[in-house]
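Shown below is the structure under consideration.
Note that the chains take the letters A, B, C and D in the order they are written out, and that residue 1 is the start of every chain.
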């Protein structure tokens, strides 16, 4: 075990030595990190809080269920329903949906369970591409997309419709008018964005103000220990100035359902564009052996090795705190105030349960622990100094 | 009887010596105050007037029916329907509803009676809490709430949707946009507020103007002889400046259906947060006996005793005017011009009838009587002097 | 016959010596005024034109059918339908409705005939009173009123909803927002006013501009030889400045269905507030005989006699032109450019036919004839001189 | 053959010597111009691109199907369906409809084929006249028109509603509000104009901005080698300043289905107001023979002859390029950047296929070829010099 330290924090899961489905946080190979003690059945879950999303009046649980892993191929209908039930029972009131298949499946579960519509918040997305029939982010596409989602969900309205990607070719006026239309039709309560730059969010806000449209309330953004800049530096500014909140997701919290390949775990390539994660320590060593003839430069190999060292340090710290590295990672994300809702994924109720234990870890993340973490990560983002154009003369 | 003078004016009812349901104003124990002569069946009721609510075009009767006591446990379906029928026959055209149960019951009565929709005005409320599923006053909650009300009422629209409490966590823009949406959907004709501060009302108005939304037309506020400041000092300013009118309710006029406990009547604690009312003369005496070791200070005991004296003086004045203290209290409220609609409650048609007699008392409330009342009450509100910040230097 | 010349021009009808229903313009007693030659069946009717109503894009025939007399008690269902059919066949594309009964009846006829919805323009009204259930002109009343009209008409939309009277107690913002709502719901295409002062129309326009609502396109106003000031002096200004057009009606053109009382015809008192019309030459003579003890002063008797002389002169002029006084009156109204649509009433198809002949009279109203008419009427309205407040010093 | 050179470029088709339906671009009489090689079945068609229409987010194929010829009398239902199927298979995603009959027929085909609503863009038109029932371009007419179109199309919405002609009598505010209404009702996604002047388009835009309405995205305009000024000089300015794009049609590309009269082809007179096209070389010669007594002046005859020479030169150039004159003409139009979508008509799938070959011609239209074309056409539009009003003094 652990013969091959790897670049991805996710791959720490391999340390746990479990086969088949991931067993987040039960134990890790770098020692005997025990998972947090279970407090099954306690509702609401200790540490679970409700926060206003952005500066809107909508209050959501500080963790939401990312449903993409829930309806992945390896999970049976019964398991999926069990995950949603555990989420609701745990006090989670937000389900985030990312594609058509999940909408259909969640629609069926909502019909079966008959949960009160007031009890949960559904967020789903408008996707678009330049290649498919739905070319670009047009009013036509937005409206067609939302109507199709409503049919699949068998709901009268979606709580938050998220536009998954800004379209530089589509005028922002068209987008904000279309979103206002969706809301005025009663098809949605709010709208938000995912993977938009702060300039794009600001442009949307400006257009809303100009045309008296309803402003977006949330940006969904990747956020974890190795992807911090946007969420720590720029989104808080968005929140303060225009009330757009942060719903965070990350490969760590989204409960990847990839099968483990021996002791190497690969992140799903391209799915989240997590470029810096797609290689393992094996790869580093293999490329180092090829050096200097190999395609990797010396710097890249060095950086890879430093990264592996960081992951070992994190695992050691998690052990000291009595949790799994994944639980540490989840707690670390939640510790950051801008995160109003952190999406957790799961391929089993047990896994969701494990992740929810992270909430109890928060009080233990004292300022000294947080400092220690910063020392390990060495990536606390800082704003580039503002250089006066006058000074450049 | 009257062995224990009490702090609440309501408890004067105990003087009447009746058991079971309250028999407002028939007679009171401090003498032989006769109730006003009945003029049953006369329509419209003498003294009943129609006024524009706020500066809106909607004309409502100067007394409305507060339906919360009507559908309280002790009242049968037949009695409830009789109360509503008497209200309509008396010329009352406004029914104020405060909770889901009353909506369902009124819905049934409206179906049975088949009254023309144009003949009455329904006001109902959006409630919210931080604890229930409906966490906070969000667009989601407002819309879900109103849809549910419409279903219970079996109506196509509510005349005025009242937001029961401002939510400091919900941006006012969201609230006024949601209310405009409700009205644009045809689900409501107007909207109003209840228990909002004048600053909150003003903020709502400003947001309506900024976003071209429909402004609120009414604030529902507690108003009676011992709760005067907001309605006499600040709401008239709201009316003059932004057209928001006043619909008043008070424990006196709302026909409390509490059972009497011997000669002591307790106001329903916490229901209206009428803090200054929840103790009786017994309590005062008991605490006075404990003094100075007791929890009540000397000042509080003194204030309690003075209050009891005031109540006795009021009862004496009512006797002189030939009415019950309750009738005097209702007439006194109606005498104040800012009150465009006073909500009366009732647990029986007879009680509503008694309360309506108060309308005939108004001409008898001459300026000398009103002066005498002010002398008794000693609480005519005055604005705090405006202190220049310059003067503070 | 004609023993008693009368004060009302309407009563010229008595000259025709017909009994029962009015037979407008066939012949008059002051000579042998022949009616204009019939050109039955010619479609479109000679002289019938289509004009934009106000500065809107809606084109209506220069005469519209006022349906109030059409559905008056003496007219059978077959006759009513015949009138509407003649109107449509003659090229009239506007039906003006004034009360609930006519709406129901027209609804039935429209169902029976199956005319294309695009072929006609329906105008109907929002009435209100301070006495009935529908107290004042509120959003509630406007919406309830229009919904009821649509049901009676069995139509999906009304073309123009006319607010029959301004309500000084209802804020103009509420009115223009309600009318915009009606139009946004698709229940109406346009809105207009009836019997509003130019100040009220201007206030409505200002509010529309302030709140980005749809502006009114037409004012319905009384207009005839003896009621000229508003339509000739002030409404043209409204048209030029804010695009509000004029739809005119008058007792003369509305084909009163009152029964004749021997040779005296009384206008329906109060129906149109045509104060100066409600007395006959008989009355004048009777009051002159009582003078100076009678209730009428010398001036009033003199004025009455002068008026009767005018009517005789008009009848003589009509005879010279080869038409009836009524036809002259209709043509005279149409000759005035501000009148974009003149409402004609009828209690029979024949009567409508007679009225439509007036259109052919227009070319004969040369400037010399118009001058002669002004000489007879002596009431050409002029604006009061603008007196500078400086000059008053 | 070719005994009578003709004025219209279309009439080049006669050169091809085919009888019956036009056989665009197979061969032309002035030599052996071979049609472009077929690449049947290749999807997407080489050269077919998707462009944003105007500055909207809607992406359409650079060629659209003009359906007017598709549903002309000589084309069977099967043929029509075959044309639409070929269009879709070729990657064309825009169908432009011009009259009621085509709407009904396309509605049926869309029902039969069951194509996904997201896969195609329907544009249809609001027509109006001063003569028919639908007098002028009013809110009433626009709404009635669009509702009727939706019924005929059996669709929930049209993608782009085009107003076919500006109505100088209808205020622009009414038009833009009506179009916004259409879009707010969900009956259309976008709106555009056809045959509006740039001043009218600018006025529409200004009104949209003033009243916060949705701006038009496209102007449909005639564009071909002999009608260039508006599309080359003025519409690019509209695109740059207010984002209105250009959808072009021309007699050449619209696949006229007129029967050929021997070797003379007449353009459908009046259908597109293509004044400069309605005469043939025969006519020129006939009129030249009559000269100077004939109705044509010397200049006109000269101009006619020069035009015929130009057509011969164009045909020669097409031959050199290995395509038909029609294909050259289509490619030439597409070569001009302002054309975001060129409408092609067809009366058979084969003809559409031939026209689509033109797309492969574009790379061959080098700058030297384009220069040669300009030399032949002698009509490159230039803006009139801006003359200062000062200079005029």
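Descriptive notes on the structure:
Here, contacts are C-beta pairs under 8 Å (C-beta built on N, C-alpha and C of every residue); 3 or more make two chains touch, one makes a residue touch a chain.
In UniProt terms, the chains line up like this: A, B, C, D = Voltage-gated potassium channel subunit beta-2.
Just so we're clear, the structure is a prediction, and the values are computed from it rather than from any experiment.
Graph distance from subunit A to subunit C, where chains that touch are one step apart, equals 2.
Of all residue numbers used at the contact between subunit A and subunit B, under half are used by both chains, marking a mostly different-residue interface. Averaged C-alpha coordinates give centres for subunit B and subunit C that are 50 Å from one another.
For the pair subunit B and subunit D, the distance between mean C-alpha positions equals 70 Å.
Looking at subunit C, residues 184, 212 sit in touch with two or more other chains.
Contact between chains, using the touch rule, shows up for A-B, A-D, B-C, C-D. Subunit A meets subunit B in the complex at residues 50, 52, 55-59, 93, 116-119, 121, 159, 183-184, 186, 189-190, 212, 214, 243.
Only residues 130, 133-141, 143-144, 167, 169-171, 174-175, 177, 181, 184-185, 211-212 of subunit C touch subunit B when the two sit together in their complex.
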